[in-house]
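One chain, chain A, links the two complexes that follow: it is found with chain B in the first and with chain C in the second.
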Partner chain A sequence: MKLTGKKTAPYRYLAPTILLMIVFMVIPICMVIGYSFVDKAVVSQNPQFVGLENYKTIFADNEYIGAISNTIIFVVVSVVAHLILGMLFAMLLNSKYFKSRTKTIARVIYILPWVFTASVVAILWKLMLQPSGIVNYLLSIFPQISRNTEWLSNSSIALAVICFINIWCGYPFYMISILAGLQGISGDLYESAAIDGSTAVKSFLHITIPQLKPILISIAMLDFIWTLQSFNVIWMLTGGGPVNATETLSIYIYKKAFQKVDYSMAATAATILLVVCIFIAVFYVRQQKKVRE
Partner chain B sequence: MKLRTIMKKGLAVGLMGIMMVSLAACGDNKEEEKTNAETDTKTEAKADETGSDAKSDVTLKFQQWWGAELPEGYLDDICAKYEEETGVKVELLTAPWADTKTAITAGATNGTIADIISVDGAWLSEFVDMGVLTNVEDAGVDSSLASDIWKVDGTGYVVPVLNFAYPMYVNMDILKEAGVETVPTTWTELKDACKKITDAGKSAFALNLGTTNANGIQNVFMGTGWGSGISLKDESGAYKTKDNAGLASLAEMFKGLYDDGSLYPGMSTLEESEMTSNFAAGNCAFTVASAATMSQFTDINFEATTIPVKDDFKDKSGICYASWAVGISESCENKEEAAKFINYLLGGIDGKDGSASAGLAATMSAFPNSTVAEPDYSKAPKQFQDYYELYKQNYVINEFIGLPNASDVMTSMTNDLTTYLEGKIDIDTLLSNWQGYLDAAGK
Partner chain C sequence: MVGSYKKTTKVIVSILLILGGLFSAFPILWMVCSSLKSNSEIFSWPPKFFDKTANLSSYASVLTDSTKVRFFINSYIVAGCVVLLTLFVGILAAYAFSRFDFPGKGVFNSLIVSVQAIPPIVLLIPYMGLIVAMKLFNTYFALILTYLITTLPYCILMMTGYFNTLSRELDEAVMIDGGSRWKALWSVLVPISIPGMVSVGMYTFMQAWNEYLFALALTQTTDMRTVPIGINLLMGQHAYDWSQMMAMSVLGSIPVLILFIFFQKYFIAGMSSGGVKG
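Right after this comes the complex of A and B.
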């Protein structure tokens, strides 16, 4: 087979992309997986192969178990709330009861939280939620509520507050995606249902939801992966504190690598997270394939 | 003439032109080489004149975060002056403090580590364990030029150039408003003052226990302890927190402040930068921060003083400090030249000129570790000049320098201190847990 022949043409076209993917994705991922099987990775020139020892150690680490628990709460609460809020706002914007101009203004306002970068979101909320911030000031109108609530420094409510902020900045993605889906549903379906005596709730459950199902599953999968990897906002707001109360897996990995200089354990935690993400990604790809078919 | 002929002739002329230019360039190179050789001879002669036998073909790489914090070009000027005087080029590799450790660690593993590296006290032990650092005195660093050299097991690895002391800043307007007439000097006075300030509706004392960079346990908590001679170590120099009566009294003093509501709210996620900016905004009466931050406090009426001491304490106070310090990497091929540059930073070419160190100190509101530097603080704020006198009367201390896995240990200690202040564990558990972290460090 000639190297410059027709048969090799597709591979030649793909070669630059494949090369880039190997250099910037495959090799680093393989290196991280490799680090998870050695001790003193990166910091030692002769790290020793330790097999699954790092995996045994990490599952015996209470801090890691705490991080898993926090991550599950953070991800599940965020994804479910995103879905409900996104659906609510999308239906509001798709409703026939508002004028077109009102809808446009509302759409711009609703999408704003998604436009802000993580640093802006973190600074904004940190300023608002600090003990002398505007939230406590506004709450002081109500005599029963203390003006000194430490929203981000109280270990019993910090994770809930972080979830709230993540929900606030993430729902517009759902709203836009669902709105696009809603606009694609034929009005005939609703009209036929109305003739058959269907109520609004029944129409929602038996027409809207089934029609939106592919979109809902896709965005939920994507959001699941993104939220699982969420780092910037949490790091800038609490750094995983107080006393690890908001430490998610990504924060745990960062602390292991860059504070404790334990790259082996950081790589172990990252590899486990990678496996979880791959499972979700495979599910997502299958779902997409099903939609196409 | 045919187009083909024109193109042929044009190509020939073009090629000739390229050849001519190339030849001319070769001639220039020869001239340049000659000029360079002359310059090198002159530089070597100059180096001999100044008593330095530095080689002009040496380039030293200097990894540090200083350039990111100094005024732009300040460090480059020092290096340019050094090159002018010795012929040795110093190439600066500048990264923010937070990235420097990663850069050094990665460089040490893949063989791209710089010749001279800037080291934080919390990294010292790890770098020594990794074999990153060489014995600076063996390399040729003149120990008489430095007041202090950081050692591990008796071997000197790192030389501080600047020391940043941590005074207690006092907002005098808040004190006046709360009816506190004098700056507190003892723990009882501090507690009473904090109570009055809190009762007046103001925030009193800031303790940063955020763990993004867990240094509140060092700068504020232990800074207060060191001021009263309280130590993390026993007389033999081993870390001893369990049954340490001094530490227990220190923790109980802070617990008292917490229970009185005198600690700045949000302490468990409060970071050093937030603490400083809140003090600068006039939101807090007392804060412990680096003397270098003093220039930020332009809009408030403040004093800088030593931290109040235990009521019965009459001795000299220990002042918490952090440093800009340098070491030489083990893989450096020009260790002798690297040592000469460090000597230059401390005492100039002849070991008597501390101007580089003094200039850095005055620029950064820091104190030189050089024994020959005489910084001119005449342009510094009055508060800094007053504090300099207190600094000279006392001594600097930081027991976390050289502690294995210092960052990790400080994070764990911080988390436990938060839990203790919130009343979830007792003092014995706190000190016992700390002992566990310190014993396990480095194993």
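Right after this comes the complex of A and C.
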């Protein structure tokens, strides 16, 4: 009796977690994958199994293809800009030219955009980007920009604006991780390089970048997964519009499921997104293992 | 020559530091200023940062409106419950991972890690049916239970790490005195782990307070909405009352901002461990 009690002990401690994971993760994922193989999922009493039909249909859907291309642009621009800005700000915060007090204050200010919730970010930028708002006022020093630019309802610039806002609220994560990495690089490396006559640019390319490489790859992959899934700010600012110009995969899935009540198509798109995210996550976990070893 | 080169660099770096500060802080500053102005002053041309007429009237009107106060109460209830439940369930699981070797440990561990890669939108589709079937639609439980899935992994990973740093002799001492493992966990390990719990609890609170997608889809009536949804609802209802929307946004950001300022060290440590998105 005592022996069995000992054997089941770890499972008893894990029981609440396992129960939650099964009910709210394992079962839902199986449900989504199941929906993607049937016709009229959820809405019909007895949906028909259609095999890969939904997958054929979705790749013939221009709106879906558009969503893929918007998502790729959004993700690539965001991740690259985050990396550059994060690196720049981290180097400023690590610079030897400022007192540590200045750097502490600057660090707090630089992290701020990350702290605010998506709806605050959305509403705040919506105010600033109003045609008679502050952004147009600040840009009125450039005569070639119209004073009444409609930033969010112009389909040729809306996606760029959304990218910019996502860059604004996402770079602090990179900055903090890179800063931690920079502080871990031994000063001796730079000193001996300086003795060898290396310039600042050369030191950056030959010491800083290689030393930071594992961190940079990790955070870029995490950010890639997150940006691929991003929904909140886009949904609140444009709802995917104008004319699907800012419709990303998450927005496409949400619209299909909750506005057009086409759960089969939504589940098909969701399954594809899930597979891509898991694929990147596997690489991320491998990368993490390599870093630890 | 070298001195003047250094001076120029310092000037350039200082300018960059200030420009960076403007880039990150200007929008937030503008939000706070706008919340103090009347609607017509927000769009005055040329714009002014502060006006002689600056006042707190939009804050007063948010705080005296029972519908809006309800958003805050809902958010506090949901986030508070999520923090307590996450810590309770997470500590139990972390104890199992830290103190036992058992078949399936690796599988459970990777299952928990993998949650962080699953897009919320993927889970939301089946949640609709699941939550309705469990008769939880439009209740606090719908939000609390679904948030737990996103908050638990970080808690379990961090607390397992924390428990691993505590010697096993601590629990053994309790058990030699005739105490149970359960007692060893709650009367010895948990009290020493308070710093770890504070940092996990703070992150969990922030995640729960800021969550938008599940709150949008799994609640329906205005009296069940949380702050992020409430702010967004204002955008639709009072499309022109920017001053009130900004006041509501400032008020909605204060709890997380206070946590951020007081627990900066934990915050940054958590951020660089890459566990959580804001």
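Everything below uses one rule, namely that the second predicted complex is superposed on the first by the 274 of 293 C-alpha atoms of A that agree within 3 Å, B and C clash if a C-alpha of one lies under 4 Å from a C-alpha of the other, contacts with A are read in each partner's own complex, and residues count from 1 in each chain.
Basically, a residue touches a chain if its C-beta (ideal position, glycine included) is under 8 Å from a C-beta of that chain, and two chains touch if they have at least 3 such contacts.
Note that the structure is predicted; figures quoted are calculated from it, not measured.
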{"item": "First, second, both or neither for A:Ser132, with chain B first and chain C second", "value": "both"}
{"item": "Chain B versus chain C as contact partner of A:Tyr13, first or second or both or neither", "value": "second"}
{"item": "Partner chain(s) touched by A:Leu92 [first = chain B, second = chain C, both, neither]", "value": "second"}
{"item": "Which superposed partner A:Phe258 touches (first chain B, second chain C, both, neither)", "value": "both"}
{"item": "Which superposed partner A:Ile29 touches (first chain B, second chain C, both, neither)", "value": "second"}
{"item": "Which of chain B and chain C A:Ala122 touches, first, second, both or neither", "value": "second"}
{"item": "First, second, both or neither for A:Phe37, with chain B first and chain C second", "value": "neither"}
{"item": "Contacts of A:Phe74 with chain B and chain C, given as first, second, both or neither", "value": "neither"}
{"item": "Partner chain in contact with A:Ser155 - chain B first, chain C second, else both or neither", "value": "first"}
{"item": "Which partner, chain B or chain C, touches more chain A residues", "value": "C"}
{"item": "Chain A positions touched by chain B in one structure and by chain C in the second", "value": "42, 130, 132, 258"}
{"item": "Touch list for chain A against partner chain B, complex", "value": "42-45, 130-132, 148, 150, 152-153, 155, 158, 235, 237-244, 255, 258-261"}
{"item": "Residues of chain A defined as touching chain C within the complex", "value": "7, 9-11, 13-14, 16-18, 20-21, 23-25, 27-29, 31-32, 35, 42, 88-89, 92, 95, 97-98, 102, 106, 108-120, 122-128, 130, 132-134, 137, 168-169, 172-173, 176-177, 179-180, 218-219, 222, 225-226, 228-229, 231-232, 236, 250, 253-254, 257-258, 263, 266-267, 270-271, 273-274, 277-278, 280-281, 284-285"}
{"item": "Residue ranges of chain B touching chain A (in the complex, touch as defined)", "value": "101-102, 105-106, 108-109, 126, 130, 203, 209-212, 265-271, 283, 405, 407-408, 411, 415, 418-419, 422"}
{"item": "Chain A partner contacts - residues on chain C that touch it in the complex", "value": "9-10, 13-14, 16-17, 20-21, 23-25, 27-28, 30-31, 34, 42-43, 45-47, 89-90, 92-93, 95-96, 99-100, 102, 105, 108, 110-130, 145-146, 148-149, 152, 156, 181, 209-210, 212-213, 217, 227-229, 231-232, 234-235, 242, 245-246, 249, 252-253, 256-257, 260-261, 264, 267-268, 271-272, 274, 277-278"}
